[in-house]
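Below are structures written as structure tokens.
What follows is a pair of complexes built around subunit A, which joins subunit B in one and subunit C in the other.
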Partner chain A sequence: MWVYEKKLQYPVKVTSCNPTLAKYLIEQYGGSDGELAAALRYLNQRYTIPDKVIGLLTDIGTEEFAHLEMIATMIYKLTKDATPEQLKEAGIADHYVNHDSALFYHNAAGVPFTASYIAAKGDPIADLYEDIAAEEKARATYQWIINMSDDPDLNDSLRFLREREIIHSQRFREAVEILKEERDRKIFF
Partner chain B sequence: MNSKNTNQKSYVPYHSPYDPCPPIGKKFYSTPPNLYMGFQPYNLPQYSPKEALMKGTLWPAFYDYYENPYEKRR
Partner chain C sequence: MQQTLPEEFYQWMEELQAVDFVLVELTLYLDTHPQDQTAIQQFNQFAQQRKHIKKAIESKYGPLQQYGNSYSGMPWNWSDGPWPWQL
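Moving on to the complex of A and B:
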């Protein structure tokens, strides 16, 4: 069960009406290394992982939904009052004819979200290594979006999200260490 | 970051005389602090709660500000 707080994890401000940036950001919404994929991946894996790290997957999976909500807000703000003509210039006319300015789970190239973006192998090490890789890929994606963006307020929020990916990666790495260590093993003579 | 590790690395990709685009020069990649930390040590210095909420981490040792590395070269 979840408790919803009706506020964003970090403020989302957008300086200029720039639907082109929305086109890039949708990668983190419905893309393979996006926030939706992350949330679903962790919240699903937690049923078949040792007890010691279930809570970590619950916490991080939950936070990913808070990030998803921030990305949604960014995309919404960037396209809110854009005319069809502006959306066309931004290269998202094909999105418009299907969805108007509604959000949808697809990546920056328009490929719809699929469950094959995520994995659950049932092997704790394999799954945690996948999670670490996912965090690093999401971090890199944020870097590429920041490199493409000239919106200072938007970049500020993106930097926050990138920093969270670093922390999540750190925690998954620690989870691997917890599962590897033999400190509590009984020694028989 | 408090260690000797840098959080950004670069390399110069080979540029053939037949490559059509002008050479990009350096390619950059991030190597953030989490790659070097292992288990987080106890009693690391902390930001104030308010500052931590804005930075995205409670510990300066994990903070890694990112700027487009290709922009400052111009």
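Moving on to the complex of A and C:
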């Protein structure tokens, strides 16, 4: 089971109400390379991956939920004081008319989250390469959002998340090596 | 709803976040380097430190976890804010 802790993984501060930034950030909430997709992708792959890497998929998958909560906190804080007029100016009137200020799992262009963002091939190497690619795409997305953002407090938290993608990618690369070693050992058995 | 707690709370929280960062990093590292004895020693040392910080925060500001991972006050204080996004 999972145990919730009343604590963000890293502090989230925003300088001012800024629904335009929230519009970009939602890409990492309900987008193809976002935190929800990451968490669901890794936790789902655990059941059929070799035992040696189940722990890693469990722990990274769990950390992704902590990142999802940070992104949600950013979006919430950036929009909570916005008027409908401000949301309209930010280009998220279409979100507002459906959801008011509620968060929803869709990407920056408003496309709802879909399970087709997640691959599960059942082949351990294919799945881990998918995971490495996902981390690199998420890292790049964080960089593009940082480039768009002029909020120094928010950028500090975004940089933390960007660095986590690098670590995850690194650990997944090590997992690939562990599985290759196992495979080669079997050939010379 | 937005709430503000005493400055001391934010300092404690940051200390917990810092220690937990070490623990998350070591957890992922040990998942792929299970034989690293020094890292395991460091992990256990920080795990103990986290227990102390958790206890200190909870004694003043209520439970951080539930399902029995933290004690409850009277009345039940788990559902009391602020939640992390309300700070």
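Operating definition for what follows: the second predicted complex is superposed on the first by the 182 of 189 C-alpha atoms of A that agree within 3 Å, B and C clash if a C-alpha of one lies under 4 Å from a C-alpha of the other, contacts with A are read in each partner's own complex, and residues count from 1 in each chain.
As a convention for this text, contacts are C-beta pairs under 8 Å (C-beta built on N, C-alpha and C of every residue); 3 or more make two chains touch, one makes a residue touch a chain.
The structure presented is a predicted model; accordingly, all values stated were derived computationally and were not measured.
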item	value
Subunit B or subunit C, by number of subunit A residues touched	C
Partner chain in contact with A:H106 - subunit B first, subunit C second, else both or neither	neither
Contacts of A:T73 with subunit B and subunit C, given as first, second, both or neither	second
First, second, both or neither for A:R41, with subunit B first and subunit C second	neither
Touched partner set for A:E63, first subunit B, second subunit C, both or neither	second
Subunit B versus subunit C as contact partner of A:K7, first or second or both or neither	second
Touched partner set for A:I146, first subunit B, second subunit C, both or neither	first
A:I167 touches, of subunit B and subunit C: first, second, both or neither?	both
Contact residues common to both interfaces of subunit A (with subunit B and with subunit C)	10, 167, 174
Contact footprint of subunit C on subunit A as seen in their complex	1, 3-12, 53, 55-56, 59-60, 63, 69, 72-73, 76-77, 80, 167-168, 171, 174-175, 178
Sites on subunit A touched by subunit B in the complex	10, 139-140, 142-143, 146-147, 159-164, 166-167, 169-170, 173-174, 177
Residue ranges of subunit B in contact with subunit A within the complex	30, 32-34, 37-40, 53-57, 62-68, 70-71
Residues on subunit C engaged by subunit A in the complex (per definition of touch)	2, 13-14, 16-17, 20-21, 24-25, 27-29, 31-33, 63-67, 69, 83-85
